[in-house]
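Structure first, then comments.
For reference, chains read A, B, C, D and E in written order, and residue numbers begin at 1 within each chain.
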Amino acid sequence: MYIGIVVGSVVATRKNDDLVGKKLLIVQKVNKEGEKLDSIEIAVDSVGAGTGEYVIVTNGESAGYVFGTSTSSIDSAIVAIVDSVEING
Amino acid sequence: MYIGIVVGSVVATRKNDDLVGKKLLIVQKVNKEGEKLDSIEIAVDSVGAGTGEYVIVTNGESAGYVFGTSTSSIDSAIVAIVDSVEING
Amino acid sequence: MYIGIVVGSVVATRKNDDLVGKKLLIVQKVNKEGEKLDSIEIAVDSVGAGTGEYVIVTNGESAGYVFGTSTSSIDSAIVAIVDSVEING
Amino acid sequence: MYIGIVVGSVVATRKNDDLVGKKLLIVQKVNKEGEKLDSIEIAVDSVGAGTGEYVIVTNGESAGYVFGTSTSSIDSAIVAIVDSVEING
Amino acid sequence: MYIGIVVGSVVATRKNDDLVGKKLLIVQKVNKEGEKLDSIEIAVDSVGAGTGEYVIVTNGESAGYVFGTSTSSIDSAIVAIVDSVEING
């Protein structure tokens, strides 16, 4: 899982059924100092995240399980909204 | 899942049965500004995508589930055609 | 699996049920010489690891199995605390 | 899945049973222009590929399914030999 | 799967049960010329590999299957010891 910041969203009409009714958010990875990295990803929201919030994203089949199915075409899901980060190392 | 742009296609006669009858599209990843990155991938179309369209790609077993099977040799599938992207961060 | 060093932790109230009651630690990858690399990850602790300790992290569905379930939304788990490393090559 | 070119092969006597009787080919990834990238991988052939041929490689559990088993230790398989590539973007 | 060279080992007392009794080896990836790359990984040995040997490593759930279980927390396993490599491309 990684930490990223929600920087936008995507609208798509022609899409797989698993994505219908889901919020497709654009998440930009951040480093230890909270600075944005180049890498972005489309993650399906599952916790009510919004733009500007720091979130935790899970990938692979683990993301499908977030939505209660083991045969999901979703491979990236937001699983937490970060309240605070403690760095001491 | 990531956003990319369809930049071409591949023809292959000698191939795994799971790929028979499928459109093998070349997708080039894009960054937050929509600019092409170096990385390309072969993704199986599932939504009628064409060259020049921005698409969302899913990977791993999640891609196999797109085609209704949990034992697919496909590990990369186009699952949406992007209508619009909103970036505010 | 990779070696990293625990450099902090994350607090998140709004999160997936699988993360409730779990320690979300920030792990920074290290190279062969034990030097920190840029890449960080959020890994769920399963062995009582603490800040400053070198740990081994597993990813993907393998991480879900650490917590005894094959449908976990967790894709990254700490599975060992390193006592010593021997390098001779 | 990605496109690569077969640049060699590996011989290994002491190996996992799943690899017995399989051709272990070295595949070097290529970019959109067909130029070789640094990254190489060992992929198990499933379509009769040979050195110098452009191929499509699948990864993860999807690679295991190529050989008809859902518990394979193989995580990388050649699933097609490329006849032609059309790039227009 | 990738080729790497065993460059060391790790000792860990506090660890997941799946790792008990297993050899945790440090594998450094190599490129086509056999030169070491920066990337290292911890892989569980399954073929009696030793320091200085070139090996093939598999990742993900495929690594768990090497040890005969489909719910293993191991996501990286050595599945072959390389006898020889032929490069002609």
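One rule holds for everything that comes next: a residue touches a chain if its C-beta (ideal position, glycine included) is under 8 Å from a C-beta of that chain, and two chains touch if they have at least 3 such contacts.
Chain-to-protein mapping (UniProt): A, B, C, D, E = Ethanolamine utilization protein EutN.
Keep in mind that what you see is a predicted model, and the values were worked out from it rather than measured.
Enquirer: Could you classify the chain D-chain E contact as same or different, where same means more than half of all interface residue numbers appear on both copies?
Expert: Mostly different residues.
Enquirer: Indicate the whole-number Å distance between the mean C-alpha point of chain A and the mean C-alpha point of chain C.
Expert: Inter-chain centre distance comes to 19 Å.
Enquirer: Centroid from C-alpha atoms only, then distance chain B to chain E, rounded to Å. What do you get?
Expert: Roughly 31 Å separates the two chain centres.
Enquirer: Among all residues of chain C, which ones touch two or more of the remaining chains?
Expert: 60-61, 63 - these are the residues of chain C that touch more than one other chain.
Enquirer: Assign the assembly's chain-to-chain touch graph to one of these shapes: line, ring, star, complete, other.
Expert: ring
Enquirer: Could you list the chains in ring order, beginning with chain A and heading to chain C next?
Expert: A, C, E, D, B
Enquirer: Touching residues of chain B toward chain A in the complex: what are they?
Expert: These residues of chain B touch chain A: 1-3, 31-32, 46-48, 56, 58-63, 65-66, 70, 77, 79-89.
Enquirer: Using the touch definition up top, name the residues of chain C that touch chain A in the complex.
Expert: That would be residues 5-16, 18-19, 24, 26, 28, 38, 40-44, 51-52, 60-61, 63-64, 71-76 of chain C.
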